[in-house]
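These are the structures in question, set out in turn.
Each of the next two complexes has chain A plus one more chain, namely chain B in the first and chain C in the second.
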Partner chain A sequence: MRARVSTYLAFFAAPKLWLLVFFILPMMAMLLYSFWRVIDYQIVADFTLRNYQKIGGSLYVGVFLSTIKLSIYVTVLSLLIGYPVAYFLARKVRRFKMTLLLLVILPLWTSYLVRTYAWMLILGTQGVVNQALMGLGLITQPQTWLLYSDFAVTIALVHIYMPYLILPLYAVLEKIDPSLLEAAWDLGGGRIRTFLSVILPLSLPGIASGCLFVFIPSMGAFVTPELLGGTRSIMIGSIIAQQFGVAFEYPFGSALALVLMGIIFATAAICLRYGKPRGAV
Partner chain B sequence: MERESINLLLPRGISRRKVMQLMGVSGLAAAMPASLRSAMAQDKSLSYFTWSSWGEEPFVVKAKQKLSVELKPTFYSSSDEMMAKLRGGGTKIYDMIVPVQNYIGPAAKAGLIEPLNPASLPNTKDIFEQFATSPQWRVDGKLYGIPFVWGANAMAFNRKETGELDSLGALFDPKYKGRIAMRDEPEDTLAVAALQLGIKKPYSMEEKELQEVKKLLISQKPLVRAYWKNVADVQNMLASGEVVVAWAFLAIIAPLLKAGVDAGWVWPKEGAVGWSEAITPVKGTGKIKLVEEYANFTLSPEYGEFMARTTRYAPASKVAISRLESQLVKDLGIDINNVGRLVFKDIPKDKSRWNEIWNEVKAA
Partner chain C sequence: MLHYRGSSRVMNQIDVELQSVVKRFGSFTAVDGIDLAVQCGQFVTLLGPSGCGKTTTLRMIGGLELPDSGRILVGGEPLATDGGASRPTRMVFQNYALFPHMTVAENVAFGLRMQKVPKAEIETRVKDIVALLGLTAHIEKFPRQMSGGQQQRVALARALVTRPRVLLLDEPLGALDLKMRKHMQHELKKLQREVGITFVYVTHDQEEAMNLSDTIVVMDHGLIVQQGSAAEIYQNPVNAYVADFIGEANLLSGVFRDGAGDRATAISPLGVLGGRLPESYRPSAGDHVLFSIRPEHVLIGQNTASLDFNKQGTLTEVAYLGGSSRLTLAVGDTTLRADVPGLFTAPAGEVVMFGWQAENVRILRHDARFTTPVA
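Moving on to the complex of A and B:
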């Protein structure tokens, strides 16, 4: 009996304790803070809905919407580029598979910040892209919209987060039973038909989790938009960071972070609900 | 555990005394011989929480030579970091800090700092009047520091592209469309816009004036290439030619000149945003006398001259400045005859409204 209790503790209580300390308690603290306010640079623990009312105003709703829009662009672009890569790696490559997979992961070994700064060198007026285009005579003036714009932020985020989409997608695509494809061929399905009615539905779980892995961090991004964004690219992550920095508005920052988390949880729930494999036998 | 690994675990510059104090809290010090403990309590060391500029090796050596004080510096790189670390238990570790004037009110109200005795700072007599008597360094009649260094955030430009400039108008001039950089920080940028509009006291603006400022900043947006967050970024923008005129810090000018950019620096005639820094005791330091001794030393002509020569920042001591050759005074980026142009950074009347206005500008 005693042995069973300690086994229980080791296997169930420990993870629960971990969750409690590192997840539930901080979340509760944030929830509490979001109802407090700051007076004279001191956080006052009274109860107010003021922070949430403020978020409901057009300013912050607008920032949330533009953040969602940009994150969707990033996710869709990552999927369009990442799906073929994952497919190729999972089903077409025979030799050097590990090497190629390693190449996908390789960028993750470099600091996020370094990868962001690298885009400055690539997209700047003196950057590689502008110099190349001018050298080829395709443009006469450097294109300034490349850097310090939503374009730059989108490209950089796609580059930074795409590996997180490719890996789960690869895992799912690799597991598809080849006999299903053979059956589809035998039944007269062409390449496109086979892809659309067999491979794509079976890879839905990979698409859903991969997209989530890109969408979630994009929603919270703030370093990349601050460094590469133009005067119009303001994302909610920057505003939250500001509340915990210069502004010293922890309560408002907590409320914003909770709303952001709510949006992310809702998105995750939808993705996981509709991300079940369909058409599978 | 090896010595190196112990040092790795400690914040940089933490003194042995503080380790002992922390050990004392946990009851460990009780196990130590009494003689050893009293020897450590009498040491002349100061745990110094500061910008890296004031804690570099030459300053540590100087303090040792002049006052036999052992400085143990730990560095912060923004005022917010300073405040956050003091709030998070730093008051138990540090003896003194070097805040900017607009953080004195908040830090005093939050009980993070301690006042100084004015009589213990005789070198104040050499300090420029406006710093020695500044109300920004006083809360409820108590003195929290006499600035030893000062300067201004102002306008940097690429002389080759713009020629000489002396007006804030350049930051709002369509001629430089897409080649202007502004700082991503409300308390600088809203003040700049206010000065451009001729508002004399930006930090006490009312809602109506804030709306005008907002309008001006929104109309400026198409001209602005980017809002910079870190000073290294605006330096890069000027160096790579992304921008030709920017609101910036003096610290970027020397590296730009070194990189071959003909960088100019000016306090625009409409105004610039001034800053000053002083030694301020941390709440609960047991060494207030020693802190005062060091604070007084930072006000001396000797320290001022030494600081100007090693860091290229401007001393607040008149005597120190008179000892410098005119070319060096020019390099300090200060404009003694135009100190009247400076608006010293202060806490806005409604800080959260300022943040909101700035977010509205950025979201527009």
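Moving on to the complex of A and C:
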């Protein structure tokens, strides 16, 4: 009996403890911090709404909006590129399927930072793109908008997060019963109509979760915008990181992080609510 | 009343024709050169065990597989290979293949939308077919909210609403429980009479085939072994495979002695037996043959004395099946099954007289798959 209780604890209580220590407690701490303030480099525990009022100002609302906009670009681009890849892998490839899937996953094993730096080498004024264009005589001066811009951040984030979109989409597309496509063909459905009225709606759950897997980390990205965005492309993640770093504004940083989380939760809720195919139990 | 393409045509016209059709998958020959002509308005069943080529044949008629050689004509015209909404056949799939994200109405309307039928007409045609199949109450439901039998009817409605010339059905009742299957068999037959179009049906269930079909096409190893009505096939199987597959048969090994016309005699473990030969089989003396005797033709009791053949045997098993009793008899090394009407009261172990008329014995080509040890 005793053994059974300890087994129970190990199996069921341990994960809960883990969640409590590493997730719930830090969250509670953040929540508390967000209502405190800093006076003379000391965090003072007096209740104030000033941090949240500050976020309501046009500066931070603007950063939030541009972060959302950029994350939507990243998500949409990832979907436009990732859907055909997932579709191809799931429904067209027979041989080398595992190898190709591995190639999709492979970049995930490279450090996030390395991949970001790689884009600096590609897009910089001395980078591959500028050198090549100048070598071809298409431009006379290095194009500076390539790096330190929304463009650079978007491209890098698409590259970094797209595998997270391809994998769930692949899983959903592969599960679609081939006899449904045969039935659509039998009833006279051409390729495009079969795709639009059968495959696309049935892959909706994959689209929803894949998009979330790209949108959420993009919203929170801070290293990539920091390195590739320069001063022209500022995302909320970088600002939050600054609050916990040089600015030493834990309370304001906590408030920003909580607002960001609120936006993410709301997006996730909407995606999961509308990302179900019709007729699902 | 519903109007189906071709429903006004003469009934003895050929709707589906296969000419030396071959289909291979890699090194496996699924269909090994078959010829088949299906008359307009018939219920034809392709029957055989899994791997006999029946489903491949059906899928080729439906255009879902292309033959490696040979020709397929539907309505006298070669089958178009490019699909398209105007194809003359529609398929009812084994797992129904209903679109899970569409309601019954949307599923049924799918083919009509692909044919670009005007909206108002789609609505009335969907309503009519749904009513015909008794689904009106479920029209707004999704497939997952329905029972297997209901889903089956939706699949039928979805195919029939497009008014195909030929309806192809791939083991459509396979996933249903026995009671539902019996019920749907009855409904299918009724439906086929109502819509009057050609049904080509695939099953491995001989009882289902006998129940439904105007013509049964028995297939084995990619070939058509025999075709005809249920009665023809049951009464005059061309070989042991058909005798064994359609209904039950006691198959005994033997050696051919002599024959005149379709009357013949051969030596069996039970002695010399008279029987009849199928039209296509004329063995010569000394050939190995198989006797086929249906269990209901094995008679038991004192009155067997006047039969063409009679002998004593030991009852080893008696099972009461309701309408009849199934007896198992041992005669030397030979085991025989016999069906007698009603409740049979003698216990196992008793020695009984049994016998049969030579009229009911078939002498068939030897087939190693059905050989019983010769005593």
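Simple rule for what comes next: the second predicted complex is superposed on the first by the 265 of 281 C-alpha atoms of A that agree within 3 Å, B and C clash if a C-alpha of one lies under 4 Å from a C-alpha of the other, contacts with A are read in each partner's own complex, and residues count from 1 in each chain.
Quick note on the criterion: contacts are C-beta pairs under 8 Å (C-beta built on N, C-alpha and C of every residue); 3 or more make two chains touch, one makes a residue touch a chain.
Worth saying up front: this structure is predicted, and the values here are computed from it rather than measured.
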| item | value |
| --- | --- |
| Simultaneous placement of chain C and chain B on chain A, clash or fit | fit |
| Dominant contact partner of chain A by residue count, chain C or chain B | B |
| First (chain B), second (chain C), both or neither touched by A:Thr99 | neither |
| Partner chain(s) touched by A:Leu59 [first = chain B, second = chain C, both, neither] | first |
| Partner chain in contact with A:Gly190 - chain B first, chain C second, else both or neither | second |
| Contacts of A:Asp177 with chain B and chain C, given as first, second, both or neither | second |
| Minimum distance between Cα atoms of chain B and chain C in the superposition (Å) | 45 |
| Complex contacts: residues of chain C adjacent to chain A | 62-64, 83-87, 89-91, 93-95, 97-103, 110-111, 114-115, 142-145, 158-159, 162 |
| Complex contacts: residues of chain A adjacent to chain C | 177, 179-180, 182-190, 193, 197-198, 201-202, 277-281 |
| Contacting residues of chain B [partner chain A, same complex] | 78, 80, 83, 105-106, 109-110, 178, 184-187, 221, 224-227, 229, 233, 236, 240-242, 351-352, 355-356, 359-360, 362-363 |
| List of chain A residues in touch with chain B within their complex | 38, 40-42, 59, 62-63, 66, 120, 124-126, 144, 147-148, 226-227, 229-232, 234, 239, 242, 245-249, 252 |
